[in-house]
Amino acid sequence: MTETVELPVSREHGLELLREMLRIRCFEDRCYRLYGETKIRGFLHLYNGEEAVAVGAMRSLRPTDAVVSTYREHGHAIVRGIPMPAVMAELFGKQTGCSRGRGGSMHLFDASRRFYGGNAIVAGGLPIAVGLALAQKLLRQNDITTCFFGDGAVAEGEFHESLNLASLWRLPVLFLCENNLYAMGTALDQAQAETDITTKARAYRMAAQPVDGMDVLAVETMVSRAVDEVRTGCGPMLLELRTYRFRAHSMFDPQLYRDKAEVAQWEKKGPIITLTKRLKALGLMSEDDYERCERDANAEVDAAVQFAEASPWESVADLERFVYAGPVA
Amino acid sequence: MQVEFHLPSLGADMESATLTEWLKNPGERVRHGEPLATVETTKGLIDIEAYDDAQVLEHLVQPGTKVPVGAPLARLEISGAPQAPPPSVPSQPPAAPAAPAAAATTAAPASSAKTAHARISPAARRRAHELGLPLETFARSAAGGIIHVADVEKLAPPVASAQGDARAAMRASIGMAMARSKREIPHYYLSHAVDFGPARDWLIGHNAPLAVKDRLIEAVLITKAVALAAARIEGFNGYFRDGRFESASAVHAGAAIAVRSGGLVAPALLDANQKDLPTLMRDFSALVMRVRAGHMRSGEFTAATITVTSLGADGVDVLFPIINPPQVAIVGAGAIREQPWVQGSQCVARPVLTLSLGADHRVTDGRLGARFLRAIAELLAHPELL
Amino acid sequence: MEPKEIQTKLLALLTGVAPDIDPASIEPSKNLRDQFDFDSMDALHFATAVSEAFAIDIAEADYPRLASLEGAQRFVEERLAAR
Amino acid sequence: MPDPLPDSRSAMSYRDAVREALRSALIADPRVFLMGEDVGRYGGSYAVSKGLLEEFGADRIRDTPLSESAFVGAGIGAALGGLKPIVEVMTVNFSLLALDQIMNNAATLSHMSGGQFNVPLVIRLATGAGRQLAAQHSHSLEGWYAHIPGLRILTPATIDDARFMLAAALACPDPVLLFEHQYLYNMEGHLTAGLEAVNLHNAAIRRAGRDVTLIAYGWSLHKSLAAAEELARTGIEAEVLDLRTLRPLDEQAIIASVRRTRRAVIVDEGWRSGSLSAEVTTRIVEQAFYDLDAPVVRVCTAEVPVPYAKHLEDAALPSPDRIVAAVRTVLESSGSP
């Protein structure tokens, strides 16, 4: 685990990180409610507890870098810069959604921000990330591809095939494994003979490091170092971000696989509480700052919901549009 | 601000849940995100959390009761500004109109380029063979249309077999046409009661000086009224073929005539809207005679653009007739019977006729149907104009 | 004209107007409408035939008298007798 | 200096034609590269890419580990990233390991992303039976892939199509699967004089006729042409239609031909149930029902895992004799032609 030496932070930088994490937290809580009111349907995988990973990681990427995500992707999408109204409209299935209402929660896309979407097939995104990096290398672009995936993906064949191919061809891929200890209802130690995921990457001669996924400063520091290294062309790297999800795997999950005490214990060292305690201890922020950040976040979410409510449905006449990009007959 | 807390939907396929335990009782405070109650779902126990900081005022549901998603569970007093209250009406996508033909269903075969052969279904081809009818007989009369078994059987030559067979054959062919009509045509029905008094009085006056052979019967007045209305209001006179309505300029009113050997035929009174009553009566009389004599002209069969049917004096008050395809409307005339009728503030006995309309909802709708029936009633109220 | 002669004449007139009726199956006393779907046009044709064959005028109000063969028989006998 | 393109009008094999297609594509566009198992040093499992590694280097002729899901997925990613990959899946049998990437990513991304990400990727797959490779190496699954919206499915069966379909496929902004029947690699023939390109939309009448339409693709085309010759000796003129594209199907060509001959026999190396021939039959019944003088007849592979023994494999597969027999049944059930 990263040394717990206190990483330097300024008031302005600290509040920026806190604001970003609160934007995600308020967005996800509102989604929980909107799902209860049947405004959002289908599958919904909320990101509460893992905000530090998205906020810490995304800040070190350039706009031209490529990002590949998973179905627990609201945090990645929002911090990558996809406007909250476009994300909420997508969850409502509206035409103004970032995928025109066709993808939903698990398939948010944004070509202008090189956000290549969530993927509902566990580990389905890893080969895509390898390919994007292959193109970056062959086209001599000085960009990298960051690939988010969960601990569940580590059991898939595509994880091993992709890490081997990326390492064999020394491709600029940064594999970010969000290890939240549960693959849906299966704890990591029920699924993996070797639970230290970094060792799997080293088996493919790939540098790998564990990171405290609850400490946004640690995540930011480690990821920015890894990004710079991968950008030099030395080949891919893997970071195992050890984190925890406070909510169920998805909406309809009575969480029989873990007890409430464990959740409560992790909530005490959640990413937002950890940062807030630290900034207050350093005298860099007050409770008013916290309430203002939270108020601003909720206001942004309110506006996003209003936008989604008012947006039009896509016309059924466009049902088959975009199946092909080019002329067919 | 007081609000009701409703059972949230926790999954796409969750319809209801049973409240097992209140975690907050009336008077207690709950923070936003804190569990308020536990419910039993098909997947197990799930805690449902409050959306806002609030105080519990009242439990509306007791533990052990099963409630549908959205049912109110408790009344809360929200402290501080609540989050944007959700609008009451959940906006659902508009019911998808029938998917454009391009999607799942493939378009019915449009009438393709004129092929050498008439378009005859294999079943019709085999039936024609069985009835000894050469295919050429259909090629002409089916220009553009498709020949089905029913079309073949309709023109089957009168079979010389015993009357029983003829009756069965006629009944079968009418049955098939009616079955197809019921299957393909989305009927809607309307009825309208009419004071037939004025028409009847006019008829008695008109017939009084005339010899028996020149007298008119009530059916002729009704048929003329229907024909005039059909000429005036669009959508009831013509054919529905190959997916579209073809309005007919002329009005050939099919007159339903009971056939003693069983069934009903409705040969056409040609240009019924243009002929005066005596001429129409003569045509009608000749038509009945030909039906009685059993040698009908096939042309008269297929010419009708709308049909009028009634069961005569000993019939019933209202008919709900089936459209003769490919027509798009049929008017029924019930038995004319003395019935109570309100006139001003009095209730008097009047000879009441109930008109009914069966029409094709692909072409018209109830509003237009009502205008059509009222137009007929209006004409019958002024028989001198017929 | 003898009653028998009137009866055979009426039968001939009826089958003339409704050739599709089997004369043997006609029950003289029974209402023609119930026996054979005799509609208002048939009734008018029958009344016309009777009026011309026996040269008697038949008012509309008298049509019900011709509802059955027997009824017609009595009606014709009365009118001929009154002449 | 790479040796110049051989005189394209002299006799060449189907394999040579595909190799020339690859070479001209690699020369024409620096974004084009070939990726697949043993395409480089080994020269390709069917020797199609022999010599390309030496000519274009390891960056553009990339041998891959046996990781179909990963390298097909990487092909999709590279296409999204601005390259023009040609991924060779050694045979359609191994494509089952990459079906998730092909179906859930390649075919779906454009529609699911609201048109933001199209996937200009070409996948070449050898297909079909006939070499006694037994069940696991003899599948013919073109019909499966032709079921998926978002993909274009091509079956080059002639020297011309083998030579020129690839260029048209590379110009297409959507994922294209090119099925090369393994039995055809050794087939010899000539390129049509003056032909520089082919389109991807039309079926082609390879032999005109008036009495029956034989509809086929891939190796079945050549079996149908042999059957047509045999039928001609008995006075029956069969029209032979090469589908060339299985998705989208060239409905106009199929319906026009069946309207003329009034009878259709479809030859499909897939298994009958839910096969491509079932789809073609349905389209004929939907659009030319009143023009048929007899029900459509299909000649397909027997519904068995393709056996190893030659006499069993031959009995299972469509053959000229079975096609001739099918034509006779179609003619009998509709009276003399």
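Just so it is clear, A, B, C and D label the chains in written order, and each chain counts residues from 1 on its own.
The working rule: a residue touches a chain if its C-beta (ideal position, glycine included) is under 8 Å from a C-beta of that chain, and two chains touch if they have at least 3 such contacts.
Predicted, not measured: the structure shown is a model, and the values here were computed from it.
Listed by label, the chains that touch chain A and also chain C are B. Of all chains, the one whose mean C-alpha position sits at the greatest distance from that of chain B is A.
Looking at A-D and B-D side by side, the one with more C-beta contacts is A-D. Computed from the mean C-alpha positions, the centre of chain A lies at a distance of 41 Å from the centre of chain D.
With each centre defined as the average position of its C-alpha atoms, the distance from chain C to chain D rounds to 85 Å. Chain D has its Cα centroid 51 Å from the Cα centroid of chain B. A separation of 57 Å divides the Cα centre of chain A from that of chain B. Looking at chain A, residues 320 sit in touch with two or more other chains. Viewed as a network of touching protein chains, the structure does not reduce to a path, ring, star or complete graph. All chain pairs that touch, listed by label, are A-B, A-D, B-C, B-D. By the touch rule above, chain A contacts chain D in their complex via residues 66, 97-103, 107, 109-111, 116-117, 119-121, 124, 126-136, 138-139, 145, 157-158, 161-162, 164-165, 168-169, 320-326, 328-329. The residues of chain B lying in touch with chain A in their complex are 6, 8-14, 32-33, 41, 43-46, 48-49, 51, 69-70, 83-84, 86-87, 90-91, 93-94, 96-97, 99-100, 102-103. On the side of chain A, the complex with chain B involves touching residues 29-30, 32-39, 41-43, 93, 251-254, 256, 298, 302, 305-306, 309, 313, 316-317, 319-320.
Residues of chain B that touch chain D in their complex: 106, 109, 112, 115, 117, 119-121, 146. Interface residues of chain D, counted against chain B in their complex, comprise 259, 286-291.
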